[in-house]
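The two complexes that follow have chain A in common; it is paired with chain B in the first and with chain C in the second.
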Partner chain A sequence: MSVVTLQLGQCGNQVGQELYDVICSDAQDAQRRTTHTTVSCERFFHQNKHGDLVARAVLIDMEPKVIKQSMKKAADSGRWRYGDDSHFSQKQGSGNNWANGFCVHGPRHIEVVEELVRREVERCDRLAGFMTMMSVAGGTGSGVGTYVTQSLRDAYSKSFILNHLTWPYGTGEVIVQNYNSVLTLAHLYQLSDAILVHENDTVHRICSQLLNIKHISFSDVNRVIAHQLGSVLQPALTADSHGVYSRNPLGELVSSLACHPEYKLLSVCTIPQMPSSSIAYSTFSWPGLLKHLRQMLISNSKMEDGIDWQMRPPSASERTRSLTGASFNTSLANLLILRGKDVYSAEAGGFEDPALYTSWLSPETAFTRWNSPVPFNKYEKSATLVSNSQALLKPLDNMVRKAWNMFASRAYIHQYIRFGISEEDFLDSFTSVEQVISSYTQLCN
Partner chain B sequence: MTQSVIVQVGQCGNQIGCRFWDLALREHAHVNKRGVYDEALSSFFRNVDSRISDGGACGVGERIQHLKARAVLVDMEEGVVNEILQGPLREVFDSTQLLTDVSGSGNNWAVGHMTYGSAYREQIVDKLRKAAEHCDCLQCFFLIHSMGGGTGSGLGTKVLKLLEEEFPDVCRIVTSVYPSAEDDVITSPYNSVLAMKELTEHADCVIPVENQSLVDIVNKIKYMSDGGKPGSVIKRDSAIISGRGGLSGAEKPFDAMNNIVANLLLNITSSARFEGSLNMDLNEIAMNLVPFPRLHYLVPSLTPLYTLADVNVPSRRLRPSLPFVSWNQEGWKTGLCSVPPVGHSHSLLALANNTCLKSTFVELSERFTKLYRKKAHLHHYLHVDGMEQSCFSEAVTSLSSLIEEYDHLDATKGKIVLDATRLSIAT
Partner chain C sequence: MQRRKASVNVEVKQVIGTLCRLLTATGLDAVPTPETFRRAKFGGGLEVEGQFWQLLTNILQRTGVISFEAGGQPRGDSEHRKAVAAGLRQTGCHADWTYGRQTGEEEEGKSFSGRDLLLALGWLLATGTLEALLTQRVQQLDKLLLTPLPVVSLVSSELQFDSSSLRRLQWLVGCLRHQRRILLSMLEERTRKLHTICSASLSPTASSSSNQSSTALKEDCDRLRQLCDLLEAYLNWKPVENVFWTWMDSVMDCHQTPSFAKESLHTPSVCQHNSQRPEKCEDMLMRLPTAQTCRVRLQGKGPVRDHSYTAENFQGSVEPSDILPASQASQLLLQTEALLLQKRDRLRLENRLRLQEVIGELEGLVLIPP
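Presenting the complex of A and B:
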């Protein structure tokens, strides 16, 4: 079953291109064509009449430069390409303004976008669902992205929609990024089935501390995100798939992790992550990998460096419920994806410990495991944890705090009002996001 | 890429504009080795093949035939514009882009704004429309003028109003030259304050430039180049006052100062003209730097002023030691452009929405009041059709309330401000 991706705005288009690149090179890595390769290619590409792999993607941006670059990079790879007509761009961007994206550009161009999406959907034998990729800080990805998600939800009410969001550096890339983020999250929460988040700050640390990159550029960051996303989306054997690769990856992801409408925020971490030159010299063991990954979950660390090994899950009597208190990370649900050699020998019992989870879900329901004997992206063994937990609570709270402070002085509000949203809309969005924060805070019960 | 149109009004506006076009051509010539009309050039220039009878415009990707500036030149006396048309830039403008008259505005804002404003309204709008029609996707109007005189100040702000009426969706960025205290035009405070009101109400962004600051910068550079510091030699052509573009010959008195402003404009527009790893659209400047509609005055700073020869100047990081308002502690917006200015390896332009402008406005207000109290020269203005005493009082009120808004923000400096109380959710 196939996934149709919508790449929105500068970030969405850059990350999307890296994702397809990782998937394609991983799928074609096998010396002989295996089922894994076939399923992966079917899921993400279709074949044009020349036999080229063409990504099942629609590229959308309000200015043309980034789409041009992404399409060129894809074609230059020689292994895959974007469809010649699968993109839509305008001449002038959204000026970092969510309202400009959502109220003006979105409605103005939605018909063309819907048509492009429809064409991709028709090329699929069976549709597994949609993944949208965008950032929340700017104007197009966030504003147009939200509007397009709304339209997808209306047109394809039975399909799964996974929103992949990139959160900006906390120190600010765009002055109004917190407004744009709050508005996006508030609206998406009602439309999306699950929201998978990568934070630029976290990925930046991975690049500097694990990958030893000296001058970190956005391509480095995007490549890490692509690696992590790829490890989630490549074919895997699930409990429901009865011995074959799952035909319903998005559906199974959503049902295992986002079982409650209040809780849709997902974070990812993968292990190991190291410079590609070091991989050949490293050996990995499942017990070692899983032990680190479990501790990363508990201490809310996204990297295998500097893990707080003192952190332990609290006993039943110790559960605290403050944001600033003990930083034990309570999970609602976890999905563990293991890929590589001897995968069935891996023991994941540590993730079924009830102490990790909120009290109102049993670990059997909360924990899911997928396997694949095929190694991913050159790592002989790798483990990915997709987590619906309190991991994103602190960054989300910071984002809302800064946005609220700015809103209290009404700074920049006139820029949004002139494009069609009101102070009421702002207040509604703040309320929705505070609700999400409140729900996650109470997971400790 | 998007296009922008420069509107230069009055003597100062046209002189600066002329330097801008000269330096822009020099910069593009430096980068564009193959003579192809590319996206970068098209943001400020049209490519015209004059052999085609309807003045055919050529598209991006073709060879450069004839570059025409996307500009409208307005002046109520002919001297400056005529000089441009006789100089090496004459090919860059065609006659349909010009609007001139003979007698000038007599340093009178009211004459410029009301008399010429109504007389030439149709023609101005017509020329602006033509310039806009030549653009595929018009993003921004840049208005260049001075505040102290009659045409730039009066007619310039009338043009600003017309731009808002006719093209409400296009960003209006204004570069205004403010007179120094020793300005030889006695009524410059009147003209400036009357113009300020229009700027506050109708511009999206204003970049104020003070003549006094320009004089100081020029003197500093001259000091350096006259061997002020032993052992340091300035690289040729690298100073931002150097005008070695296409023009040769003796430099005229204001040339050095005008070159600084022209360089400023070059830097602001660089992200629109060239590619970079972190592109910044011009409308993003307005979005990120203007938190409240009236507080849209951005102080520009440019570095380096010159490059020392034989010395490698390392790029310094901007130290975050500036006091920010409590609700915008990380209020930085960054853009990166991969093409440096000619003669430099890199340069940095900072635009700051900063309350320091308050002192400039306070001084201006004081100079205004000195004259207004005595009703000095008022009759020259009140004689003009359409001009009334209320225009003056409204203008000074507008300026005072602007100063008050800055005061208000300044008052929060150094105070510890707690986070605003968050919404509480019933559990």
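Presenting the complex of A and C:
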């Protein structure tokens, strides 16, 4: 079962390349059991007539530079490559304008893109679904990405679509990033099955504090994102897979985390993360890792450093009083993925505590666990938690607030109206995102 | 009787042939020929009996009603037949000969004819064994078949319209929709694989080119052919099934006709229940008011006791006209059942109402229905 990836815009194409690199090097790691490698390769690659592994990916950008770089990096790795003609680029970018991407570039080039996607899909024995990778700040990733997602939804109504979004730094990379983010999220919420989010701010902190990187580049940030994504997407044994590696990674991910149409935002945290030079000198125990991970979940810290150990699940009486426990991160659903040595001995009972979850979903439904005895990306043991929780509430709220402040003074609105997005469309998008915020806020009631 | 006799013709032989092909396709070995079926109707001989014993054994073993020890071979013929008789009793076939001990061990092997075994086979087929065998075989052959998993329903029977129930419901609906999509994509994959197999089997040059994959493909192809044959056999059987059952009626009639009774003078009838049973049953029925009317109606056709054709009946004392044909009797019983069910439902409703009244009087007590 295979996943077709669509890499959109600069960010999408860079993160996508890192992801394939992590997956390929992990799958081809020496002394591996063959099934794991086979399943992983079938999931993300096909073989061309020379026997090379070719990523099941379509690369889309309005500028050719990044695509060329990504393809070159892949080819240089010597382990895998992109398909020679599975990319599409233009000479002129979208100018960080969502409306330009969504209303102009998207419709103009959709036929070519659809054809590229169709070819990739036909190469799959069985299509597990699509994963689109993009940022929400710029114009191509967010605007064209949203348009392409819409066309995927129409053409492959039965397939699962997971959108991976990179949220920009709060301090701002692009002046209109909050507009672009709101418009993207509002539209994707209707189209996508689940939206997996990485915040640049969080990943940046991981790079500086956990990986001790002095001068952090986008490449470093992307590698962390790729590591976390890889640990979610590599083959694992799930409850429904009856002792063989799950064949429907996206379907099972979505079914366990995002069944409710109002709750589709997923966040990820992984433990441990450390400089590769230190891995060899470290030992980890499952109880230690899971204890940290649980506290990271409830105190909403994405890193094992600086966890608030005082945070406790609210008792039943506190919960009814509500709002006092505002900083406690209530979950709707959690998926715990454990990889590595002695994985079956790991006791994950701490995640089945009803106090962690919203009152209307039982912990048995809300908590899912996947295992894989094969270690991931050189870590002897690693645990990843994909969580549908209030974790993204704060950054989302900030994003909308900033966008709304700008919108109140009609700043840059004419740039969007120029390409066919009206103020009404903006208001609709604000309403949808506010609804998402409200739904997640009510989770702790 | 005329109608039945008329239907026993060449067509029957073909229909039985269809059944035999279907039984073979379900994976049973040593299915008797249509000719053996015909001979069994008229008692047959030891050879015919042997074949039917074998068939019944296979069927009961396959459906898991009986099982022999790891060695596979029973200790002896009589042990073997006892196991089969016990298996038949488990399936609800209470013919007298299945109570070997009561009818006398020394008579075993002689106390019945091939016809009894044929009727027992008829019983098994009529009670859904054929479908069970079919399902089992389809599951064996069809590796991609989805067996429904038990789904734990979290919605209580009491509908509540508060917001958390609504949200839980929305989650469950979403979950179902995802499951549906997963199933659809599995179907798609299966179709694609079938297509590959079919196209591979059509072009022999293509299949010979790749050795490894072609063996797997050939196996798959072989299995699919068997599956198709099985389903086709079942489809052929279904429309002509009635002819077979009419013929089985005539087999029943052979049991009841005195001329055949002579042949099996010491043969208790196949639908004979244990001699005490009719009395018990009668007692039970007597206590039920609705059943009494049924009883009266049964008596109108002939005494109820006569309905259980005991061996003595066949010794000439009872006229064949007193015997109620099985089809009518079953119809009567069905009617009675319907009446009793109606009665039961009415009583249940009354009880429920009464219970609700009682509950209404108890203040401060909350009863949660299961």
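We take it that the second predicted complex is superposed on the first by the 435 of 445 C-alpha atoms of A that agree within 3 Å, B and C clash if a C-alpha of one lies under 4 Å from a C-alpha of the other, contacts with A are read in each partner's own complex, and residues count from 1 in each chain.
Simple rule for what comes next: a residue touches a chain if its C-beta (ideal position, glycine included) is under 8 Å from a C-beta of that chain, and two chains touch if they have at least 3 such contacts.
Remember, it's a predicted structure, so these values are computed and weren't measured experimentally.
Trainee: Chain B versus chain C on the shared chain A, clash or fit?
Mentor: With chain A aligned, chain B clears chain C, so fit.
Trainee: Identify which of chain B and chain C touches the larger number of residues of chain A.
Mentor: It is B that touches the greater number of chain A residues.
Trainee: So, does A:F160 touch the first partner chain B, the second partner chain C, both, or neither?
Mentor: Only chain C is touched by A:F160; chain B is not.
Trainee: Touch test for A:T365: chain B only (first), chain C only (second), both, or neither?
Mentor: A:T365 contacts chain C only, not chain B.
Trainee: Kindly classify A:V174 by the partners it touches after superposition: chain B alone (first), chain C alone (second), both, or neither?
Mentor: A:V174 contacts chain B only, not chain C.
Trainee: For A:K65 in the superposed arrangement: first (chain B), second (chain C), both or neither?
Mentor: In the superposed model, A:K65 contacts chain B only, not chain C.
Trainee: Is A:N248 contacted by the first partner chain B, the second partner chain C, both or neither?
Mentor: second
Trainee: Consider the C-alpha centres of chain B and chain C from the C-alpha centre of chain A, and write down the angle between them to the nearest 10 degrees.
Mentor: Value: 150 degrees, nearest 10.
Trainee: Compute the least Cα distance separating chain B from chain C in the superposition and give it as a whole number of Å.
Mentor: 10
Trainee: Going by the contact rule at the top, pick out the chain A residues touching chain B in the complex.
Mentor: 63, 65, 91-93, 95-97, 171-176, 217-218, 400-402, 404-412, 414-415, 430-431, 434-435, 437-438, 442
Trainee: Which of the residues in chain B come into contact with chain A in the complex?
Mentor: Per the touch definition, chain B meets chain A at residues 1-2, 136-137, 139, 275, 277, 279, 281, 283-284, 286-293, 325-334, 419-420, 422-425, 427.
Trainee: List the residues on chain C that touch chain A in their complex, please.
Mentor: Residues 154, 164-165, 167-168, 170-175, 177-179, 181-182, 184-186, 188-189, 192-193 of chain C touch chain A in their complex.
Trainee: Provide the residue numbers of chain A that touch chain C in the complex, in ascending order.
Mentor: Those in contact with chain C are residues 1, 125-128, 158-160, 193, 248, 251-252, 254-255, 258-262, 359-362, 365.
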